[in-house]
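The structure under discussion is supplied below as C-alpha cells; questions concerning it will follow.
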Amino acid sequence: MRQEIIFAGFGGQGIMLMGKVLAYAAMLENKKVIFLPSYGSEMRGGTANCTVIISDDEIESPIAENPNLLVAMNRPSLQKFEMNVITGGCILINSSMIDQHTSRDDVIKKKIPANTLAAELGNEKVANMIALGSVLELTGCVSKDSIILALKKSLAPRHHDILPLNKAALEIGSERVE
Amino acid sequence: MKKVIVKPKVLHNIPWHYCPGCTHGIVHRLIAEVIDEMDLQKDAVGVASVGCSCFNYDYFDIDMSAAAHGRAPAVATGIKRVQPGRLVFTYQGDGDLCAIGTAEAIHAAVRGENITIIFYNNGIYGMTGGQMAPTSLPDMKTTTSPYGRNVQETGFPIKMTEMLALQEGCVYAERTKVSNPASINKTKKAIRKAFELQLSRAGFTIVEILGTCPTNWGLDPLQAIKWMEEKLEKQYPTGILKNSKGDSVICDKK
Amino acid sequence: MEQVLLKGSEAIAEGAVLAGCRFFFGYPITPQNEIPEYFARRLPQVNGTFLQAESEIAAINMVYGAGGTGARVMTSSSSPGMSLKQEGISYLSCAEVPCVIVSIMRGGPGLGAIQGAQPDYFQAVKGGGHGDYKNIVLAPSTVQEAADLTYQAFDLADKYRNPVIILGDGILAQMMEPIVLPNEKQDFPEKNWALNLDKNRPRNVISSSYPIVEELEKVIIRLNQKAEIMKGEVRWDTLQVEDADYIIVAYGTSARIAKAVVRQAREIGIKLGLLRPITLWPFPYDAIYSLVPQVKAFFALEMSTGQMIEDVKIAIGRERPVYHIGRYGGVIPRVNETLEKITAVAKG
Amino acid sequence: MTKVEINEELCKGCGLCINFCPSKVLNYADYTNNKGYHPAKLINPEKCTGCTSCYLVCPDCCFEIYR
Amino acid sequence: MEQVLLKGSEAIAEGAVLAGCRFFFGYPITPQNEIPEYFARRLPQVNGTFLQAESEIAAINMVYGAGGTGARVMTSSSSPGMSLKQEGISYLSCAEVPCVIVSIMRGGPGLGAIQGAQPDYFQAVKGGGHGDYKNIVLAPSTVQEAADLTYQAFDLADKYRNPVIILGDGILAQMMEPIVLPNEKQDFPEKNWALNLDKNRPRNVISSSYPIVEELEKVIIRLNQKAEIMKGEVRWDTLQVEDADYIIVAYGTSARIAKAVVRQAREIGIKLGLLRPITLWPFPYDAIYSLVPQVKAFFALEMSTGQMIEDVKIAIGRERPVYHIGRYGGVIPRVNETLEKITAVAKG
Amino acid sequence: MKKVIVKPKVLHNIPWHYCPGCTHGIVHRLIAEVIDEMDLQKDAVGVASVGCSCFNYDYFDIDMSAAAHGRAPAVATGIKRVQPGRLVFTYQGDGDLCAIGTAEAIHAAVRGENITIIFYNNGIYGMTGGQMAPTSLPDMKTTTSPYGRNVQETGFPIKMTEMLALQEGCVYAERTKVSNPASINKTKKAIRKAFELQLSRAGFTIVEILGTCPTNWGLDPLQAIKWMEEKLEKQYPTGILKNSKGDSVICDKK
Amino acid sequence: MTKVEINEELCKGCGLCINFCPSKVLNYADYTNNKGYHPAKLINPEKCTGCTSCYLVCPDCCFEIYR
Amino acid sequence: MRQEIIFAGFGGQGIMLMGKVLAYAAMLENKKVIFLPSYGSEMRGGTANCTVIISDDEIESPIAENPNLLVAMNRPSLQKFEMNVITGGCILINSSMIDQHTSRDDVIKKKIPANTLAAELGNEKVANMIALGSVLELTGCVSKDSIILALKKSLAPRHHDILPLNKAALEIGSERVE
C-alpha cells in the first residue's frame, strides 16, 4: 500500500500540521513515511503546501510523483495542484472555501465543508483536523487513534485539553465527507 | 473627474508578493511617487537587496540591479561611478544592511558615495522566517532567540544609522516610520530630500524607515503597526540624525 | 530504540548535539534555517552556545576560533553562504582545525532559487577555496543518515584534525522521516595541540601562515599525506550491481530517485544497478572502476549540469560511455523521465 | 465630490485602510477575492472626504482617488 | 613596434586599459599589488576610475554594478582574496555581466605564502562559487601573453556576456620581460541589455534571482548551451609533440619550465613534447586525447599537488598513465629535478 | 644590581621582522608587560591578524591563533565563547580592522563581546607596500593614491573607534599614541585598563594606538614619529572616547 | 647607580633611543652589526640617570636596565 | 650566450634598480631578458634581491637555476646566496660592506668597494651603479652605453642631470673591480 497525499491551502490554515500529524501517526503505526513541506518565498503571500507519502515498503524518491489524493483547502490550491493527481485518484475539496469543483473527470471528487463544520464545533481552527478526518476515511492510511496519539505526543501536556476537540473534528470529518 | 491619486507610473501593475499588511509596499510606493514627481524614471537605477524585498526589481519600472545579500551599496557604487549623473538608490532590510552588509554600507558613507540607501528596518529577518537581526529588540523572541534576545549574549540593538551619520561623507540621515498617513507623508519628504541631495552631489544619504513584519512578529497588521510605534520606535527614535547640508545634527541620543 | 520524526535539518543538529557539539555559529539562509533554529533552542539546554553571527564569514571564523580551542563546533549554510565561507574553509584545513561544516545546496548560481539542488559538488569536493586542501565530504541521502553521518563527522574531524563537510540539499534538509537517534557520546579525544588552557604544556599556535616557502611546502606535503590516509575512509553503497548491465552513480537525494529508477528498470527488464557514493571525497573511484568489466554504460544522475560526472569519468576512463542525467535549479528529476533516458540508451 | 476605487483583486484584507479612514467609509467585504481574502469595500461612500488616508496606508496600492 | 619592459602585472593592467577598460575595483594583496597600483596611476590619465574597495567582496560587487552598466571593468586579487570573491563571481556569471577577473595565485591554503604557485586551478576552472556556471579561464605564460590575453579577454567577455578569468601566478605577475603592446581598441559592442541610460529602450534588469525553479532551470540550460558555444574558444600551444613519446601538460609558469625540460630531454634522447593549455576552461581535452595513440605516458607539471591533472585524466581516460610532477607552496619546480622524474619513467 | 627593566617574560627572545624604527615593536612590548604584570601568561590568548604584525604569533609566548585578514574579532569571539575566563585580545592594523574587517569589529562591539582589540593605526597598509587605508589622511600620497588621497573620490578618514564606541556593548575605547616615553606609558595604562575590564566581563574594549610606518611613509624613524604627532594625531585626537564603566564619554568630536 | 645594556644584534639603528635619552648617553656605533646596522651605543654611560626612556621607546627590545 | 645574475643586498641599496636597468639595457640590445624581483614580507627587515637572465635564445624558466654571477652588496646576502652560484661562476662582493669573502673555492672571486668608491664620487647612492659597472666588466652582457640609454629612458627628463654621475660610476665600477 502506498499513499501520496498533497495538502494545500494558505498559511494559517494549519496545512503543515495536517501533514506532520499524519506522518507522525504513520510512524507510530510503523509504516514508512515521508513528509515534505514547501518552503521559503513560496510562503510569502500566503500559500502553503506539503506532501506526505506513506508506504509499507521503502520510500525511495521523496517527491510525490503520483499523488492519489489532493486536499485543497482554498481556491488557488485547487487550481495549482488539480492536474497533478493521478487518474483514478481523488480530490478532496474544502467546500467552505471553494465554490466550484475540479474540471477533471478522471478522478474521484469529494467535498467537506471543513470551515463550516469547524465553526459549528466552535473553533474554526480545527478545519484542518476535519479535513484530515476525511482523509482517513477516504484512504484508511492510518487510524484515528494513531492521529490522536500523534497529536498527544507532539503537543506539550498543557495543551492536551484540546485533544477531545480534535478527536471530534476527525470524526466529523470522516463522517461528513461526501 | 480628475484622477487625484493613482498608482505611481514607475510601478508595474502587478500584485506584490508581500504578506497582508506588510509595510514594504508603502515604502515602495513612496519611492515610486518621488521618482515620478522628480521625473526621474529614465534616470533612476534601483539596487534590490536580499530580503523580502528582493523581488522588487519586478515592481519598479526603472533600470534595476539585484545585488547579493548585503552588497547593494557596493553594487550601487559600481553603477554610480560609471554613471554619476543618475539617481542610484539601494533598498535594504535590516538584516541585509546591518548584519552581512555592515561594511559595504559604512564604506559607502565613508567615501561619501553619492547614493541613497533606503533602509527598511523591521527588526527581524523577514524573508528567511523570522530570525533575530542585529536590530531586534532586547528580549524579543525570534526563531533564533527563542528565549528572547539575551543582551548579555547577543548585545544591544545596533546603532547603524548613527554610525553612518558619524562619517563625514554622510550628509543626510533621517529615521522615519510608516505607521499612519502623517508619518507616511514625512517619510516621502525624507526620501525626496535624500534624492535631491544625491542629485546635487552632496554625498551619501540614508533614510531609515521603521516598518512592520506582521508575519514574523506574529501579529496582525494593525497590532504590528502599534508594536512598531510602541516598541520599535522607542528603541529607534525617529527624526533627523544628520543634515550637514542643512542644520540640525542629532547624533548619539543616549 | 524509539523512533522520532525529524526534519533532515533537525536530524543533523541533533546528531551533532549527541556527538558532543556544544558550539554553533551560523547565519540564516534558506533552506537550512531549521539547523540554526534547532541549535538556538537546544544548545542552551545542554550548556552549549548558539551564536548567530553577522555573516557567514564571521561564522566560519568563529568556528576557527572555537575549533582551535578543541571544542566540538559546527556551522551550516547554503550555496551563496557557502561561497562566502571558502576563504575560512581554506584556513581551517591548513591550520588543521577540526570542525563540521554543513552545506545544504539550493538552486544556483547567483541568488538562484531556494529549492533543493546539487550544483555545489565541485565547491565542496574539489575545494572552492584557494590552495591545495582536502576535506572529507559526506553525502547523506536519508534523514537517518543525516543524523548518523553528522554524528560520525565529529569523530572523523577529530581523528584527522580536519574539517568535515556534510553535503546535502534542500529536500534532505526539509523532509521529515522517522529515525532512530544515536546515543549521546561520552568519550572525547585529548587535544594537546589546542588552545585549551592546559597549564602544563607549552603554548600552542593555530595558524595557516608559512612565510618561508620551503616550510609551507613541507606542510602541504604533510597535509597531502594525511589526505592519502583519509582516503581510507571512502564509503559507498550499492543496489543490485551484481548482475547490472548499466549503473547509475548518484548521491544524496538523487540517489533516492535512482533507487526507484533501478526498481522500475528491473521491472521492465533492464538490469540497472546503483552505486551511491557516501563519501564524495574520498570518491569511490576503485569501486566504480571495478564495475567496468561487466557494465555497458554508466549514468551520472545529478541535480546539476554535470559535476560528479567528472569523477565518474576519472574512475572509469574512456572505457565505457558515461551519460549525464539531471534537472537543474531546484527541479527534481522524476523517476519516469530518468528511466526513459536510461531506456533510450539501453534499448539503443 | 470624491470617488474612491478599490482594486479588490490586489487587496489582501489587511485592514489598514479601514482602520485609518477617519470617516469610517470602509469595511471588509463579506465575500473573498480570488486569493481568498476579504477585500476592503466602501460601505459609506458618501461620507468620503477624499482625504487620501486610505491610499496612503494601503501597502498594496489598491486605491485610486478621483475628484 | 616598440618594445617596453613591463612586469606581468603591469602588462595585464596596460592590456586592459588598451582594451578600453576604464573601471577598476580592487583590494591590495601580494603578489598582485602592482595591478591596482598601475591602475591608480593610469586610469585618471584616461578619464577612468580606480577605486580601492574596502574588501575583495566589495570590489567584486562594484564590478557587478559597473559591469551591469555595460562598462569595461576589471578586478584582480590573489588566493585568499579570490576565495572571498566566489559568491560574487557566481552572481556575475548567472546575471551574465561581462567583466575580467585576474587571479594571481600564491602558495596556499590559508594565509600560506606569497610566492607564486598554482593551487587555485580548481577554484578558477571548476568554479569555487556555488551553482553551475562556467567562466573562460585564460592562462598566460609570458608577460607578452599577459598583455595580449587580458586585451582579448574583454572582447570575449562582451561576446559571451560572461566573466573571463585571467589565471596567473606570482612569478608571472612579478617578472619583467620586454613586450610589444597591442593597439588601443576603438570599437566596442553595443549593449542593449545594460543599465546604460538609453532613453529609447524599455528598462533593463540585472539579476540572478529566479524564484520559480522552472525559470531558473531554463536559465541554467541556456547558460549551459552558451558554455557549449564558448567551448569553441579552446586554445592551446604545443612544442615538439609531433614525434613525442612523452608529453608534459603544463600551463602558465609551469609551462615555461616544461619548455626547458623538453629541450633538455631531447638533448639526452628522450622524445618529450609539451602541450600547453592556454584556455584552462574550455580545456583542450580533444587535443590531448588526439596524442594518445603515439604517446607512452603523460606528465602533468603543476605547482600544486594535482588539480589540472584531473582534466588530463578525463582527456585521456585510463589508456595511458599520467604522472603528477609538482612543487608546492611557492617553491618553483626546477628543470633538472623535473627532467629526472621524467627520465625515471622514460627509462623505466 | 637588580634587573630593573628587561624584556617581558612573555616575549620570545627572537629578533622581530619589523622595519627599523617601526613602533609595532613598542606596542608588542607593552602588551607583553601588561600580561606579565597581571600574571596572565597561561590565561591569555592572542589573535594575530593580517598585516605587518601577522607573524607576531611567533613573538608572544602565549597561546595564539592567527586569523584571516579582518576576521580576528570573529576568531576571538569563537575562542572567548568556549573559554570565557581567558583574556582574549586581537592585534589589528588599520587596514585589517577598518577596511576588510569593519563588520567583524563592529559586531563584536554590538554583542558586547568580552574581548579587547588592540588597534594599531598607522594610516596605511604597511605589509602590502603602502596602499591607501580608510584611515589615510586627506591628500596623503600612497601607492594607490599616487596623486594624494582625493576626499571627493575616496572620502574622509573613517571614524572607526568612534563607531565602535557608539555601540552599547562597547564599555571602553581609548585612543593613544606611542611617540615618546610619556605617551608610551599612557598606552600601557590603557591596555591594562581594557584587559581589566575584559576580565571583569564588562564588555567590549578597544585601544587604538597611533603608530608609525616609516617605510611606507617614506620617512626616517624620527621624522615618522614627528609626522605621527603632527599629522596623524591631528586627524585622530588621542583621549578616552568611551568609558561607560568609568565616567567621561567623548563621542563625536565634531 | 644604573647600568644599561644594549643588545646590539637586535638593534636596527633606528635612533629612537638616542633621540629620547634626556641625558645624551647614547649614540650610533661606528661599526655595523651582523645585519648591517650601526647599533646604538652608550657613549656617556656615566651620565645615565636610569630614566628608562631608552627602554620605553626602543621598538626592538634591545635594552636591559639594572640598578 | 646566457647570463644568470643575482643581485642581493638590503633595501635602500638600489638592488632592484640594478636589475631593472640591466634588463632594460638588454632589451635595448634586442636580447631576450627576464627580471625577477623578490617581493613581499621578505622585504621587511630590509633584505632585497632580484635575478636577471639575459640570453640570445628564448628564456624558458624564469628562475635563475644556475646563476653564473652573484652580486653581494652586504654580508647576509653573501651568506644567503653564495651556495647557489654554479661551479666556475663568479661572486662579486661589495667589499665596503663585507669584510670576508666566500668560502667557495670553485668560483671566481671578485671585489669592488662600491660604497667607498661611491662616497669618493660624492654620492653613496651610486654604489649600485658602481657594482653594475663591475658586472658589465665581468660579463660583457650589455654595453655601458645601453645602460646609460636605459637609465635615460627610465628617468623623467628632469632627472637627467644625474646621468653623468651614473656614467662615471659605471666606469669606475668596471675599472676598479678586482
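We just call them A, B, C, D, E, F, G and H in the order they show up, numbering each chain from 1.
Operating definition for what follows: a residue touches a chain if its C-beta (ideal position, glycine included) is under 8 Å from a C-beta of that chain, and two chains touch if they have at least 3 such contacts.
Keep in mind that what you see is a predicted model, and the values were worked out from it rather than measured.
> Going by average Cα coordinates, which chain is farthest removed from subunit C?
G
> Write down the chain pair with more C-beta contact pairs when B-D is set against E-F.
B-D
> Report the inter-chain centroid distance for subunit E and subunit G in whole angstrom, where each centroid is the mean of the CA atoms.
So the centre of subunit E lies 52 Å away from the centre of subunit G.
> Between subunit A and subunit E, what's the gap in Å when you average each chain's C-alpha atoms?
One centre to the other, that is 55 Å.
> Centre to centre, by mean C-alpha position, how many angstrom separate subunit C and subunit G?
59
> Can you give the whole-Å distance between the Cα centres of subunit D and subunit H?
Once rounded, the distance between the two centres reads 86 Å.
> Where in subunit A do residues touch two or more of the other chains?
41, 45-46
> Taking each residue of subunit C in turn, which ones touch at least two of the other chains?
If we look for residues of subunit C contacting two or more partner chains, we find 30, 49, 51, 54-55, 57, 80, 87, 91, 95, 110-111, 114-115, 207-209, 211.
> Which residues belonging to subunit B are in contact with no fewer than two other chains?
Residues 16, 18-20, 54-55, 66, 68, 99-100, 102-103, 106-107, 127, 134, 153-154 of subunit B each touch two or more of the other chains.
> Considering only the defined contacts, which subunit B positions touch subunit C in the complex?
My answer: residues 50, 54, 66, 68-70, 95, 99-100, 102, 125, 127-129, 131-132, 134, 143-147, 153-154.
> Could you list, by residue number, the parts of subunit F that touch subunit B in their complex?
Listed in rising order, the residues of subunit F that touch subunit B are 99-100, 102-103, 106-107, 110-113, 134, 151-156, 158-159, 162-163, 166-169, 251-252, 254.
> Where on subunit E does subunit H make contact in their complex?
Where subunit E meets subunit H, its residues are 3, 5, 30-31, 114-115, 170-171, 174-178, 253, 256-257, 259-260, 263, 332, 334-336.
> Show which residues of subunit D lie in contact with subunit A when the two form their complex.
Residues of subunit D touching subunit A: 32, 34-36.
> Along subunit C, where are the residues that touch subunit E in the complex?
Residue positions touching the partner: 57, 79-80, 82-84, 86-87, 90-91, 93-95, 105, 107-115, 119-120, 122-123, 126-133, 207-217, 219-221, 224, 289, 304-307, 310, 313-314, 316-319, 327-331.
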